[in-house]
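Inspection log for the structure reproduced underneath, given as structure tokens.
Note that the chains are named A, B, C and D in the order they appear, and that numbering of residues resets to 1 at the start of each chain.
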Amino acid sequence: MTRNSLKLALAAMGLVAAGAQAQDVTLTIESWRNDDLALWQQEIIPAFEAEHFGIKVVFSPSAPTEYNAALNSKLDAGSAGDIITCRPFDASLALFEAGHLTDLDDMEAMNNFSDVAKSAWQTDDGSATFCVPMASVIHGFIYNADAFAELGIEVPTTEAEFFAALDTIKEDGSYIPMAMGTNDQWEAATMGYNNIGPNYWKGEEGRRALIAGEQKLTDDPWVAPYETLARWGDYLGDGYEAQTYPDSQNLFTLGRAAIYPAGSWEIAGFNAQADFAMGAFKPPVRNAGDTCYISDHTDIGIGMNAATVNPEAAKTFLAWVGSPEFASIFGNALPGFFPLSKTPVELSDPLAKEFVSWRGECESTIRSTYQILSRGTPNLENDTWGASVAAIKGTSSPAELGQRLQDGLASWYAPQQ
Amino acid sequence: MTALKLANVNKSFGEVQVLQDINLEVEEGEFVVFVGPSGCGKSTLLRVIAGLEDATSGEVTIDEQLVNRTPPSKRGIAMVFQTYALYPHLNVRGNMSLALKQDKQPKSVIEERVATASRMLNLEPYIDRYPSELSGGQRQRVAIGRAIVREPKLFLFDEPLSNLDAALRMNTRIEIANLHRQLGTSMIYVTHDQTEAMTLADRIVVLRHGRVEQIGSPMELYNNPTNQFVAGFLGSPSMNFFPASLVHAGDDRTIGVRPENLHLADDGVLDAEVSHVEQLGADTNVVAQIDDHQITARLFGQHFIEEGQNLRFGFNSENAYHFDSDGLRLR
Amino acid sequence: MSVPRIRWHIIVFLAPATLVYTAVMIFPLFNTLRLALYSEVAQARVFVGLENFRTLFFDPIWSEQFWNALGNNFWFFLIHMLVQNPIGIALAAILSHPRLRFAALYRSAIFIPTILSFVIVGFAWKLILSPIWGIAPSMLDAVGLKFLFAPWLGKEEYALTTLALISVWQFVGIPMMLIYAALLSIPDEILEAGEIDGITGMSAFWKVKLPLILPSIGIISILTFVGNFNAFDLIYVAQGALAGPDFSTDILGTFMYRTFFGFQLQLGNPHMGSAIAGAMFAIILVGVCIYLFGIQTRMRRYQL
Amino acid sequence: MHKARTNPFNTVGMHGALILYTLIALFPVFVILINSFKARKAIFREPLALPDSDSFSLIGYQTVMRQGDFLLYFQNSMIVTVASLFFILLFGAMAAFALAEYRFKGNLLMGLYLALGIMIPIRIGTVAILEMMVATGLVNTLWALILVYTAQGLPLAVFILSEFMRQVSDDLKNAGRIDGLSEYTIFFRLVLPLVRPALATVAVFNMIPIWNDLWFPLILAPAEETKTLTLGSQVFIGQFVTDWNAVLSALSMAILPVLILYVIFSRQLIRGITSGAVK
């Protein structure tokens, strides 16, 4: 037994050594997207390797919940992979500031991206960009089209229509109106608050005002979404308090719920699991004719470990990730993750097309808490999770929640003091 | 030739001094018994001799060799343990031959010695059995056999009989005595049982609180104890002690008289009330109270005495021992 | 006077364990705990003494979470003491009955949850308790108790208790086995003596067996204490690092993990994380010392 | 004669209580196992029904087997668990013997030192451990895991084993010394066989956390060649898509090996735990 493991150990060390010496360079990618393992192995990596002889790529994802902790430990100890998949904003910024990520501004491929796309992986002053933008996700609602047809419901565009539709479904009783749970907390904030919120705080305008300290979380645009969320509780399934994220997904894809507050990332999975027709609608506006705002959140970037021994190969790979060719492969292989490249990508999935079409109709913004505001303690993003859950459950009033969040933010964020 | 010499041996565990200044010489072929109440240090002394414990100070000499630094197996000793300590995974033969194998003795020697020992101890029928398949007495004999095959210069016995029942104990006692006669090797034997000590020993070493109280032949100790402790420890039933004031008013000494030296006498100095009578057939033990002192008299033959009866006991003054308030014998 | 010789074999016996343990466990642990005395200011590590602990205990942002986690931890421990250990003792008492058939079978079956991983335990119980999947509600329905059902894991007032009970379910095998062993080691003569004195059945358990197994119960209590104050995995698996709902299931382990390694947008803070770990260590150490010097030495041990 | 002492009502009561608790203990495992053999819809429609011809499906197992080299993962887990247990038992028993058998200066202190590790979660030492493994080139080797688990298992092993070692007859060890056995021979030939049951106890208590650990494989040996089974099955509990067939199958597959290991050790475990009785 011991001898066996010794052999294995030697073999493993041999691999590392071989990577360093032989002509073939092996790049290891750190990622939290373990769902995409097959995709990388079967489509993306072969496409890259076919064009670039001498560079081998290994996609090595870990579970999303452990990714940050595991990656940070590995970077600190110097055992992390050559390529790092970047979370947006502060998590990656901290890595850059600690010297773990390389400044990629001089890379030609960076010109393929808009400033907005790059903003998620830049220093606050925009002087350095350290990750190549890969994809964004768009928030909205996915619905069971068969159920809507059966109950004669039109796709809602205003909040009034939205709640009317929910009432109709509830009265009928054969479907749970909306599939969402509060057990895992983040859905309430991500698919609840930050999904419908941009219509209230007018997207970028409100978000920037908050960062600048011109608006407060106790102001109406930031409290009102909680008031709306508080009405959601009635339409969620029995015992939604203990309903987990996978529970919600399953409820919807098994056809037991009519509406699913979603992010576009669900598309691939839902296509595979649901056997009914699906549609999507954007967050309903408060009054007919209002400008609509959507959360088009820059979610995934990819950067280079500053300590890599193969910087040239890594840059070659990153340049390829920045190319339109990659955008096209990635966008179509993973419908719902929308490439951020300036060159438009022709998408084939109808649901994904529906989501991406909103970019033309509405103003885009990103999640309100992600940039700068979640830098301190208490953490605004984590607090927003709790506040959104409390709003839905009705354990606190929206005004109280706004006050609590404002107090927390003001305790460390100077512009809000 | 001295088989064993202990010179100023001290042993302490941390603060606790277990052995104090022990001096002893054991002659070739002598059978010495260490006796004393539990906790007196007799087992520790044996283990110091065996080398299982290091003396804190002092010298241990076996067969004229200073062995303070010699490991147990090289001291030329063999030891028999109270719990037998047979190797559970070896059969009788294996148990007896392990030490010899360890000593790299030739096979023929090992076989011959094991055969001799097992013949001597009637172990031949069990030679291939494992310890778990043997009775207590058989295990004890294997343990002794294991000691014999090593042909030691000194045998050490650590309360070897205390795990046996009464009948077997007497038999094995006789066997050990025979063994000593046959082998003629020096033996040191630890026990808390004064009968074993009296019957086996050439010399007895009485220990108390880690000190030697007295050394001598069984009869010397019996007849001539140096202090009250030794006098009381040897002999069964044990010696009676009572204040001399019972006999002569104003005398602050303690008088000791052995039970067999008390006799019934109408003019006896001790007036006592019988509280208990033990009829042993050949003897009769009478337990009686003088105020709050209890005395025991051993009367030869059969006497019919009732409890509650008042009797007078007397003794010859040459049979009386006198002790001072520290328990030292006054002559 | 003999110079004590070096007994090389003692060193040889101790060396491998001590080396591996010191190098791979103690050294990294203390290297990390040391961080509690530092803080990071502008990318540089600065010695701040006990400042981090002051923050932890007195800064409302931190202390509120800390006391909440500590309180939850005590509740978690209390449930184990009040439920896990009595059930374990009761099962062991039944199993140790001399003429019970199939004892081995029961014993193995009851021990099985103990060998499962937290991932499996958390997943399985979330499924069973899920109001969506409906195993628990429909089973309660079958016995006419549907009204008792609630989304236990999702309610602030029940979630921690529910998790503690799941943990009890998982680990009841350990006190059971240890007490079982202790009960078997009581000599038959003592029980038979009791029987002749008319002490049988339940009273034999209360009056004879229980006093004799008290030392084992003590050991189990302290193992439960150490285990519970180090607990992390079950809550993490079931409720995530934020230990929802609304931190109602947050215990020191999850608080420490979240702080040390960061979570979602919250960046890891090894300095405060180490401070929490240091506080945990101190709490456990104090508990163990109270047990060792306060309880264990006073507890009567009976020679069997 | 037995009748006078056994009350039939009691017997029924005892079995009733035990059967009830056994059901509680096994129910969740049962739920996972049966559902791993069902098609996705059936899992949700009738979670408690046994798989029948209609609902039976091996899709989960197929997904799992396709997704990664599970045989290799299994082998890795096996190597790591068995090797760690071997070292924990060997080193732990040696240290426990030294502490239980010999009186020397610092004995008590040493015992306390070795017990310290029970009180701090080793996870917080992660970065330092990882740095060390990187420096020694052990990252992404199974040795890294074996070392960590060995260190982690030693405190409890020393604690339990030294208790048992104290029970081994002194006379036996002394007999060995007088027969010329070295301290090492006494330990390996006389003492170790006698504490075998205690070794099994330690093995069972340590086996579970090692086999089930996710953290250190993730940090120290995430490479494909060194992935453990637990880490491998974690792939199926993804961020956005949860393939329950695969999850349930992977979990079922992860239960079985521990179960087998447990069965192997359990006879000894019971004997170990109860051997205090025989002395």
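Following the convention adopted for this analysis, a contact is a pair of C-beta atoms (placed from the backbone, for glycine too) under 8 Å apart; a residue touches a chain by one contact, two chains touch by 3 or more.
Because the structure is a prediction, the values reported are computed rather than measured.
Looking at chain A and chain C, the chains that touch each of them are D.
The interface carrying the most C-beta pairs in contact is the one between chains C-D. Each chain's centre was taken as the mean of its CA atoms, and the one lying most distant from chain B is A.
Mean C-alpha position of chain C lies 17 Å from that of chain D.
Our note on geometry: chain B versus chain C, Cα centroid distance of 53 Å, whole angstroms.
Between the Cα centres of chain A and chain D there is a gap of 38 Å. Contact with two or more other chains is made by residues 44, 126-127, 214, 234, 237 of chain D. In chain A, the residues touching two or more other chains are 73, 250. Contacts from chain A toward chain C in the complex involve residues 65, 68-69, 72-73, 89-91, 94, 97-98, 181-186, 237-244, 247, 250-251, 369-370, 374-375, 377-382, 385-386, 389-390, 393, 395, 408, 411. Interface residues of chain A, counted against chain D in their complex, comprise 1-2, 4-6, 8-9, 11-13, 15-16, 32-35, 37-38, 58, 60-64, 66, 70, 73-74, 76-79, 245-246, 249-250, 254, 265-266, 268-269, 272-273. Every residue of chain C that touches chain D in the complex is listed here, in rising order: 7, 9-10, 12-14, 16-18, 20-21, 23-29, 31-33, 87, 90-91, 94-95, 97, 99-100, 102, 104, 106-121, 123-125, 127-128, 133-135, 138, 169, 172, 177-178, 180-182, 184-185, 195, 200-201, 226, 230, 232, 253, 256-257, 260, 270, 273-274, 277, 280-281, 284-285, 288.
Interface residues of chain B facing chain D in the complex, by the touch rule stated above, are 13, 47, 50-52, 71-74, 77-79, 81-89, 98-99, 102-103, 143, 146, 150, 158.
By the touch criterion stated above, chain D contacts chain A in their complex at residues 40-41, 44, 67, 76, 79-80, 82-83, 86, 126-127, 130-131, 133-134, 137-143, 146, 214-215, 218-219, 222-226, 234-235, 237-242, 244.
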